[in-house]
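Right after this note come the structures.
Next, two complexes with chain A in common: one pairs it with chain B, the other with chain C.
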Partner chain A sequence: MNPNNAPLAPPASRVARWRRPSVGAIAKYAWVTWAYLFLLAPMVVVLGSSLDGTTAYSGVVFPPQELTLKWYRQIPASHYNALGLSLVLGLSVAIGACLLGIPAALGVVRGKLPGKSMFLAFFRAPMQIPAVVTGVAFLKLYYAFGDATGLYLNATFAGLYLGHLFVATPYVIGTVVSVLQRFNLRLEEAAMSMGASRWSTFRRVTLPTIMPGVHAGALYAFMVSFSDVPIAMFLTAPGFLTYPVELFFGIETDFNPSVLASASLVILFSLGLLLLVQRVIGLDTVVHSRS
Partner chain B sequence: MSSRFSAMAGPAPARWDYLLVPSFAVSFILLAASQLTFLKGSLYADLGLGSLAANASAGNYATLLTDEFYLNALLLTLKVSALATIFTLLMGFPVAYVIARMRSRWAMLLLAGVVVSSFVTIVIKVYGIIVIFSADGGFNKLMMALGLLDQPYTIIGNQTGVVIGLMQFTLGFGVLLLYSVVRTIPVSLEEAAMVHGAGRARVFWRVILPLSLPGIIVGALMIFNMCMGAFTSASLLGGGRVFTLPVLIQRAVIIETKYGMGAALAAVLLVAVIVINLVSVYLVKRLSAARLVIA
Partner chain C sequence: MSKAWKRFGAPLLATVAAMTPLLWSVDAAAQAKPFDGVTLRVGTFGGPWRDDLVKYVQPKMEALGMKVEFVIGSPQDNLAKIIAARGREAPFDVVEILDAQIDQMADAGMLAPIDYAGIPNANQIEPWQRGANAVGNWTTQEVICYDKGKFAELGIAVPTTYKDLANDKLSGRVMYADITGGGGLANFAGIVYASGGDTTNVKPGLDTLKTFKGVKFWKAGGDIVSAFKAGDIYAAVAHTGWCLRAAKFAAANVATSHPKINAGKTGVLKVGWLGVVKGSKNPAAAMAFINAYLDEEFQVAFAKNSGVWPVNKKAMQRLRTEDPVFAAMNMLDAADVERMLRVDYKGVNVNNWYDQWNRAVSR
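Now for the complex of A and B:
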């Protein structure tokens, strides 16, 4: 890892030295520590300053001088509404992405159609389109659709849902495809030769095997929807805002510590979700089934 | 009974192909309809207050391609996205490598830190960055106490802030991506190189880097694409002074209701991203083909 640490030594001693902490190892761990500081400091600061009692509306204090929970009692109702919308949206997007993504993954991997890689590239396309372009494109689509039919989908749940479904489905397809490619077909053959019907083979053998990929994909789909700003920005309206968009406008209009308090609740929620994931399906499953 | 025997002879060919139909139809309709309407919309000039001209013209594009302001915005978007991608890779790869090669329970904890960071929306992290880098925030207090700065330094309103914001957006994701790349390289290869006398630097340059390069390039493109489409960091940390294309698109559509111009800007951004992705894929193919010839 460290280009500076390459003294000439006989091979045998080098293998032994490899386990002892060297300058290179110290530099490596210093680098990792610095990266984690960079990665986690903003969230730690938000959590910390939300607890500060001396915080005035003008400035934010970290580390907290005097602990209080008063900002948590002052979280505006609009934040709870936005949070509710984001949670419902994220969950339904995750379910929809699975319903679309699992058959697509099975079809691509198991099907006999030529040009599998073309299909995979097609299904991955939404991930390559810049998010802000997707937002504008769906807004224009809803205006055009509304002009033609009288049914305007902008600033409706359905409109927001379709936009998020579009970008979230590729995650489920990706994770399920990567699990399916490692899948042993003989398991299914065995089940069928023992007399299992095709449906019960799917339900009892195939589905349980691809479940880690489904879990991981659903989790990514939820998080894509739950943390998105650039798409929701164009498909929401005042009074109908997702949580990240509400927070985006809050930073410019009414920055006060109760915003930090509600942001802290979301950080704690994410931590809780992570613990749940670790308990139920295991974190390594989620990370490994990323394609 | 007969079906059982036919199953024993080998399962009858299941038509998995049909499963593709509904997903493909939905994805295709959403992709084609949204992209075509917005590209068509980019051809209509804005008349103000959200209304568009009746006839299509290339006027929006003529404005875009002749006005230096928009050209600079495109270059700035490419610059901050490229910088954020490079720094994310430089910062993320050692972390991914260390976690992937760790054998203790700490690996899970470190991984959890990365996952939490990629789960929490960037807007919350931007709040944290603003607090840290504010004039009386932790960064300036520490730097002034150490005597490294005599007056508060701010990253709000300049490109440094935007790049830091983009890195906050991509680093967690990047580490997860690079982690799975490093996991595909067997440790035994590194050990073999070391047993044969290669130093750590040599192992890195001759074993780890070449083997993870395809994965790193794929990851770099994904990170770059994320940066090109993001406006949260540029909008909130740029303090209204850093005009990247996504910021201009958001302003044109949401604040100025210039839908035609917004769509034209989005089209330019989309084409830039597609061209860069295609060129990179082509170069990588050429590169690996060339390497095969040499070997």
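Now for the complex of A and C:
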């Protein structure tokens, strides 16, 4: 109760916080705001332009002058087919890259092989080769392999998958190696001293501890596959075109705003997925160790 | 009765029984399509370009029993795929080629001879488009597309040469084709020849380009449409199809001018070609596809949708009345088209052009 009906003053500490924002704090907030704007601006432009209905055909118009959903109704079926393929391919590549990358990272960090740094450099090599060169090289390799065995992988899903796996695996190796190098070996020793087998120790101690690296690597692997054009344009074939290839060659000769609508759906899907993960299990759980 | 049956009935029945399978097979043969079981792979551009082929040409091919698969990519990418597959089964049967690659592919023996007996519609195209190894299937007229209203407002005369774009009043308002874009090589060659150079000496063209103040460059034609719509540019060097789109879809008040190249040449003509890849197992089906590509109906529809100009003369005549705006933007008479610059890329070191362009433009 306030006997004098006088307005209650806010706590002194809060007043002090609000009245005296330091220059450093303002600069910090300004910098963070600018960073968010920089990161989100392209997506906002794509989303906004996809809603412009001022002309039957145009380039990118932002901000939209007349709202419409017509470009969403005109998204070609080929975009949906390509998107489905890219999602399946990206997920398969992420899983495959983890299956290859985790043992490779363990071998490099824990193994007693001479020249570990050379191995690490070797594993990073696919990231340093221009993707166009990788695409052509795989195409030539598949022809040579086919000549020798009769099994031609060019223009097949398996061929495209292997090409993407080649460039995606180093990301998993890199992120898992960086986690393993900080790994406290006493955790494993403790588990084994209490009777856990090597496999049980790996499954219940090592793997949960390195999961942030695995998740980050898998995410990179997925993104590398999902966004690739230079490799896929040499290894795709009729009937299975990836989403970025479909978009890239679609806008090369002409521009239809349904491309913006299609891209907007992908952006919204990605944001929705992130929100769902956050809501159901929490992003922190995904990216941080459970150990 | 029994005698008559034995004498006439039984043999007749036997004959009918024997003939029935034969008649069925004759009927089946009559229903058989000439390309049953054939899968034709076509290397072509993506997006709406491929979609038009799917919409108009594919049904005709299916009616002939043929399955058509479209492999999308740029002509450069397709060339790389053919090179990678050399000595083996061709990755495509039919491939779209630009004039900058045609000699390279033909000289390297990548293209099979064209059998014009299988392409009756080739009678409707110009003789020079009936090559030994490739057939011209579309053209673009590379022009100066300019905003009539802005030019009048600024008191600038209609541009007749590339050098007219160096006007101070057009500072920052001119867009030129980037050399790596679709019309890049043709438009670069245009300014080179118009400035007194040739394919071995491109410096004069680069010098002229450097006089355009604040020039912008486009790679995708949609950039031009957007820029005209936003009022960012007053002139662009591009093919008439993009000028048409700016007029029709961005409500831009634009017209075209074919730049004077030299005493004998005005305007630049870029030609698209269709070739049959050597080693194709389906050359007859390939000719049927090319024939459908040159068909009058498809050429008209394709021109309206894609903005490229047809090669079929009947289609050209129809466009005069069916799309007068487009017709007004193009030169229609064969004599005028003949006077346009067609760049001979034979022996041209395109990489050297790129190098010189990059050095000059990045400065």
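Methods note: the second predicted complex is superposed on the first by the 220 of 291 C-alpha atoms of A that agree within 3 Å, B and C clash if a C-alpha of one lies under 4 Å from a C-alpha of the other, contacts with A are read in each partner's own complex, and residues count from 1 in each chain.
Just so we're on the same page, a residue touches a chain if its C-beta (ideal position, glycine included) is under 8 Å from a C-beta of that chain, and two chains touch if they have at least 3 such contacts.
Please read these numbers as outputs of a predicted model, since none were measured by experiment.
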item: Touched partner set for A:Phe38, first chain B, second chain C, both or neither; value: first
item: Contacts of A:Ala77 with chain B and chain C, given as first, second, both or neither; value: neither
item: Which of chain B and chain C A:Ile251 touches, first, second, both or neither; value: both
item: Contacts of A:Ala148 with chain B and chain C, given as first, second, both or neither; value: neither
item: First (chain B), second (chain C), both or neither touched by A:Phe226; value: first
item: First, second, both or neither for A:Phe166, with chain B first and chain C second; value: first
item: Which of chain B and chain C A:Lys140 touches, first, second, both or neither; value: both
item: Which of chain B and chain C A:Gly239 touches, first, second, both or neither; value: second
item: Chain C versus chain B, contacts on chain A by residue; value: B
item: Chain B versus chain C as contact partner of A:Arg110, first or second or both or neither; value: first
item: Touching both chain B and chain C, residues of chain A; value: 59-60, 136, 139-140, 143, 233-234, 248, 251-252
item: Touch list for chain B against partner chain A, complex; value: 4, 7-8, 10-11, 13-14, 16-24, 26-28, 30-31, 33-35, 37-38, 41, 91-92, 94-95, 97-98, 108, 110-132, 134, 136-138, 167-168, 171-172, 175-177, 179-180, 183, 191, 194-197, 199-202, 204-205, 222, 225-226, 228-232, 235-236, 245-246, 249-250, 253-254, 259, 262-263, 266, 269-270, 273-274, 277
item: Interface residues, chain C side, partner chain A - complex; value: 41, 45-49, 51, 69-74, 77, 80-81, 84-85, 88, 91, 182, 220-223, 225-227, 229-230, 245, 248-251, 306
item: List of chain A residues in touch with chain B within their complex; value: 1-8, 11, 14-15, 18, 24, 28-29, 31-32, 35-36, 38-46, 49, 59-60, 62, 100-101, 103-104, 106-113, 119, 122-123, 125-134, 136-141, 143-144, 162, 165-166, 169, 173, 188-189, 192-193, 195, 198, 223, 226-230, 233-234, 243-244, 247-248, 251-252, 259-260, 263, 266-267, 270-271, 273-274, 278, 283-284, 286-288, 290
item: Of all residues in chain A, those that touch chain C in their complex; value: 55-61, 76, 78, 136, 139-140, 143, 146-147, 154-155, 233-234, 237-239, 241, 245-246, 248-256
